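Presented below are the structures under discussion, each in the form of structure tokens.
Heads up, the next two complexes both have chain A, just with different partners, chain B and then chain C.
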Partner chain A sequence: MSEKWKEEDWAQGVWYSGKVTRRRVVGWGGGAIGALMLVPAPWRAAFGQAKPYKIGAINPLSGAGAAGGKTALVGVQMAVDRINAMGGVNGRPIELIVADDESKPDVGRRKTSKLVDEDQIDAHVGGFLSNICLACMPVWEEAKIVNMISVCLDTTLTTTKCNRYSFRVHDYAPAQAVAFAPYLIKSLGKKWHIAYADYSWGQSTRDAYAQEIKKAGGEIVETTGIPLGTADMTPFLSKVTGQFDGLLGIFFGKDGVTIGNQAYDLGLTKRYKWAGDGAIAESTNLPALGNKIEGFVGINRYIPIQEGPFNTPEHKKFFDESKARLAKIDPSGPLPDRYVQSNYEAMNALRVGMEKSKFRGREDTMKLIEALEGLQMKLSDDFPTGDKLLRKDDHQAFPLQVIFEIKDGKHRIIETIPGDKTLFPPACKFAST
Partner chain B sequence: MTKRTNTSYWIAFSIVLALLIIAPLVLPEFWRRFLTEILIWGLLAMSSDILIGYTGMISFGHSAFFGLGMYGAAAALLMFSPPNLWLALAFGLVASALIALFVAYFSTRLRDIYFAITTLIFSQIFYVIVFTWTEVTGGENGLNFPRPRLAIPGLFSVPFTSETMHWFVLAVVTASYLILRRVTRSPFGMVLQSIRENEPRTRAIGYPVERYKIVAVMLSGLFAGLAGVLYAVQNRFAAPDFIFFLVSGETVIFNVMGGIGTLVGPIVGAGFFLLMREFLSRLFGDQFPYLIPLGVVFIVMIIFLPQGLLGFARRWLNR
Partner chain C sequence: MELTAILYSIPWDQILIQTINGIVTGMILALIASGLTLIFGIMDVVNFAHGELFMLGAYIGVIVLATTGNFWLALLIATLVVALLGAAIQIVTLRPLLGRDPLTTILATFGVSLILQNYALWQFGPVARKIQEPFTGHFTLFYLEYPWYRLVIAGLSAAIIGGFWLFLKHGKYGIWIRATTQDRVMAQAMGIPVPWVHTAAFAIGAGMAAASGVLFGPLVGVNHTMGLDWVLKAFIVVVVGGMGNLGGSIAAAIFISLLEAYAAIWVSPAQAVIVSFIVLILTLLFRPTGLFVPTPK
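Up next, the complex of A and B:
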């Protein structure tokens, strides 16, 4: 073949004879990059960028629990963004698949099935309303998917209705009662009247406090159940009379605002010591409560201040970033609440477990469970609120508890109780897996 | 119905039924379960059509019948070991029938909006009872229970799969449809329609209207309870939210969307509503209030398709 074969007739169609210019290189190069971007995701997953882990996150983004569900999502999203920025887990990024349970168990159940069957998630972090958590737990168990419960507080989730696939990385009522009851008796008074949200969480929390207050030498004079979502609590609160030292409130969300305002208006908070679950004075509730919540003493796993155990660089980083993210969804700029905190830490606990077990996907669920069981979480950027243990026997964590007072519209720490001092005996029997 | 239209009807019925039988074999897992759920909600909507479409009584109490059917089944599944499907059905149906009788006795003395409000109040009363009676009903958390096996004593016993669950639900819904179709075409059904058209005249002719209404509410409540049992068996949980009046509201929406007074229409309406909700939530993403566009679709349908999807289809076919 001659050197001039390129000039022969047959070669005209196959040999490019044009001039190679910079414009052409940029043009074709740009086209090639564009085409690469358009290559379908599965192809890229197989041959290009590492296949992401799919993590589901079900929260109420509409309906009764929407306000808290949205802040919960901020927490999990923040953790995922941080993990991805650090290079992902085991070299693979995390893809967060968000689902709205609309605060309804049937929708929650359907969305769970979608995450399991259609989205093919590898693990789940979420669950806000206890009834939805309970409705979905059998689905996670059946699909053999790890479920990191990140807000639901119902005691039975890690006691009578526990299963091997579900973990709760935050506290529960019995541990709170163990931490709070001695303080109530020692510092505020012996005789207590409990007003509680009259449904499962309120009732189980009431029972836990009743038990621990008696154990600490106190007495429950009476209890008043108020149905969830009651806008006018006056008919119930007007019956809260008699000789006792303190009124203990067990409410959350909008009900926390209602009881705070109406108990004050009826003079109950002046007549008696006023204490209760920290959810009453959650940072998102404080603007609506104004000065009526002054003097309230509560207990919580997280309060948005940078003092005491929260005066750490790790917490400051968490606090600043979550505050900035919350401002994007709520222009009033609320401070982070316990929902942001527990979702953030639940996602990070999952990451630690995934790395420890070299988790590849659902087929490694049992390895992941074993890695999470007994997980010791140490103060770090992953766990900015401090050390905690994820107990093997019931998959229940025992974080630090903070007894606080509201003074000048802000949380002020009275006492902190380390998680290991709030231990409550496990009451869970796992079915064989 | 002429002989020709009757034949066309049964051909169409057989085709739809055949498609529904084949569906779980070709659909992926999620859509298989979704279709089964559509059938269950469709049965609930169809049961309320007896009152809304045939008797002219708008009920907001169907959530109570549905929910108590569910809790009745839950009681049987928790009380007996191993859990028994037929006991769950029996308990659920008895619970819903008793509640329907109780509600019917008081509410059928009233008409129009007063009937609707009374049924709504009853459903809320049952909701509060279930919600607060935690020791028995599990309160807000509801009840979780094991799924029974699909069994006919002495013949066979197999665990439910998503396919067999679908076929079981399809069989129950088809049988319910055929029974209700027969009922609405019977002299009893004609009297119900007569009550709908002109209650004083029906009474003047000599029909004991109240008694007919009581039977209609009971019949309707019984099939709503049956839907509740199916839902409980499929999902293995019962929650007070299902007794809340919003479920009754959705049932009315299914009827209006599909076409009231047609029996099949409410099933179509349930399917359309649930599919639209799923489609919109996927289109806009879960963080967008996608129920707003769904509301807009509903309003548009009310304005332009007041007879519902089936009514529109009928009119279009008869052009």
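Up next, the complex of A and C:
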């Protein structure tokens, strides 16, 4: 076998007679790429020549926020695949154009402009880190493109910095605080120390909790801001001392893992009641927290269990499919998190709006906005976590809130608060459009 | 009377707690920075992939720990595997660039860092992993329950650095490394295989990064960006300690960590972080060769 093949005619012809030249390799390569481009995308087979809607999706797929960005993308992709499988929107397929903001606001803004100018998208579903959402808001407004915010929680996105083109189909900090503060005061204690991720989302959430805890008869003893991405929080946590009842953490992603581990290591979670934003104990964080997160009480719009309000066929279908898709991007097989859920539902809300308004493209943006304003989302395969209203005044939704505890490494529901009990007065004034 | 009042006003408990915090953080930083400074000292390569070698070490630690259940074995195997990987990276990407503009090596290591980071995300997925610490005891430190494991990290880091220092001082190959650091041309003339010394130095640096990744993993959870959080500070330490000066880097790591820890007593810890940047700027302005480099006589 060894080298004999080189002596055969075909090998002589190909390799030793000057037939393979750099020019030919480049030529063949170009031809192959061209042929690949001509192969129809899956939706072309189903929809013939129907022009697809172009929907942009910006998420952090690299850098500090990549872990959450990847699961967020699973949610929006799952919704798009389902919509296309059901016949698309108004008989046209959806083409998802994915962009990576690299977890940096400047890159996010640049990629947003690219989606608007070069890719000519019709609408956008995405946004993960609040500072990037804030940086991109003016671009959507200027380009007059509907922006369905799918993860960012910063309060100001739908209050002081709101605009007519942006919608948030999930909750925000003031609503969470309205739902959680009475429980904190009634069941865990009156005096609280807030530790928070020191950037736009953490700061606005801190303010919302401070306000609601005071309103519920409690007191904020002190607050500790910890910069985003701090690997060793011990110098910060070593200063958390004094007479108070509970430590309230406002963190997400890997910072949630860090505070969960290090607050436990220093004995803070034993000395004080330990509560906070549900993102600390997100399903994707639980493996890295192990038993150190036991007893944590949190609030979230979504937890991956099939009990209480999530014990429905619609949620089971969503849960099973997202779990299967997540297993493809992570061999540990994580359960769905709130980022999968809100991206899935944001895309579906956009679809409902597009159908209701008979949306054709950017020229119908105002009709789409009108269709989305005041949208009532009912429990269905589109909205598997239940009913919610997309308020007209500020484009803010009010989903169900779940207060939970981590027990034996799993989420256990303590209390559920319907979305209409978490209402917070609108604080948005749209500029005239 | 005034002296007593001043003494009473000093938060002694905070000072002791932050001293321990500073030393622990300083020793982890020293372990990371000593690998970085070794690579720079011997090869003039600023290794931007150092944080990713730290992260890969932690991931390999997770795999070995899951398979064997033995933390110490995980520490050893992760160190050896990443050292071998470091040798391969040096041979494939840096050796061909030897003698070229330093910018090319910066770009090469930056490229390697992006590849390793995205490989980890693709291979291990977005979910953070856990390295279970080998023991979970605590001792009471004023109002805190301080974990013994943090002190063990500091002790082990010191032991690894100490062992490395002995190797450099007395080992045959350690002397080769020192000779190459001092004068590459003369070392080659004396028969030292300089290209292989470069490879060995890069491998040792990578192994030290991996060891620190496994040691620190239990405190933070393992994820694909965990190296980024340390590498910037390690670069500051290397510059302040004197580029390529091992002893200087260790001293600078402890010095900067203690300064930050003490500053955290009186100002917000977020503001205390600025201290390291102030030290960096002052060093570059007034003593660019490094704070801990002896003044030439």
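We take it that the second predicted complex is superposed on the first by the 385 of 433 C-alpha atoms of A that agree within 3 Å, B and C clash if a C-alpha of one lies under 4 Å from a C-alpha of the other, contacts with A are read in each partner's own complex, and residues count from 1 in each chain.
Please note the rule applied: contacts are C-beta pairs under 8 Å (C-beta built on N, C-alpha and C of every residue); 3 or more make two chains touch, one makes a residue touch a chain.
Computed from a prediction, not measured in an experiment: that's the story for all the values here.
In the superposition on chain A, no contact is made by A:Ala275 with either chain B or chain C. After overlaying the two complexes on the shared chain, residue contacts for A:Pro105 are found with chain B alone; chain C is out of touch.
Of the two partner chains, neither chain B nor chain C is touched by A:Leu375. Using the contact criterion defined above for the overlaid structures, shared-chain residue A:Val352 touches neither chain B nor chain C, since it reaches no partner.
With both structures placed on the common chain, the touch criterion links A:Val257 to chain C but leaves chain B unconnected. Of the two partners chain B and chain C, more residues of chain A are touched by C. In the superposition on chain A, contact is made by A:Gly68 with chain C only, not with chain B. In the superposed model, A:Leu289 lies in contact with chain C only, and not with chain B. Looking at the shared chain after the overlay, A:Asp198 reaches both chain B and chain C. Judged by the touch definition given at the top, the superposed model places A:Ser130 against chain B, while chain C stays out of reach. Once both structures are placed on chain A, chain A residues 62, 198, 225, 227 are touched by chain B and, in the other complex, by chain C.
Against chain B, in their complex, chain A makes its touches with residues 61-62, 73, 98-100, 102, 104-106, 109-111, 113-114, 117-118, 130-131, 134-135, 137-138, 154, 156, 161, 198-201, 203, 225, 227-228.
Residue ranges of chain A in contact with chain C, taken from their complex: 62-64, 66-68, 70-71, 198, 224-227, 229-232, 234-236, 238-239, 241, 254, 257-258, 261-262, 265-267, 270-271, 284-285, 287-290, 329-332, 334.
By the touch criterion stated above, chain B contacts chain A in their complex at residues 28-30, 33-34, 37, 128, 131-132, 134, 138-142, 144, 231, 235-237, 239, 241-242, 281, 285-287, 289, 291. Contacts from chain C toward chain A in the complex involve residues 14, 17-18, 21, 24-25, 28, 117-118, 121, 124-130, 132, 138, 143-147, 149-150, 216, 218-226, 228-230, 260-261, 264-265, 268-270, 272-273.
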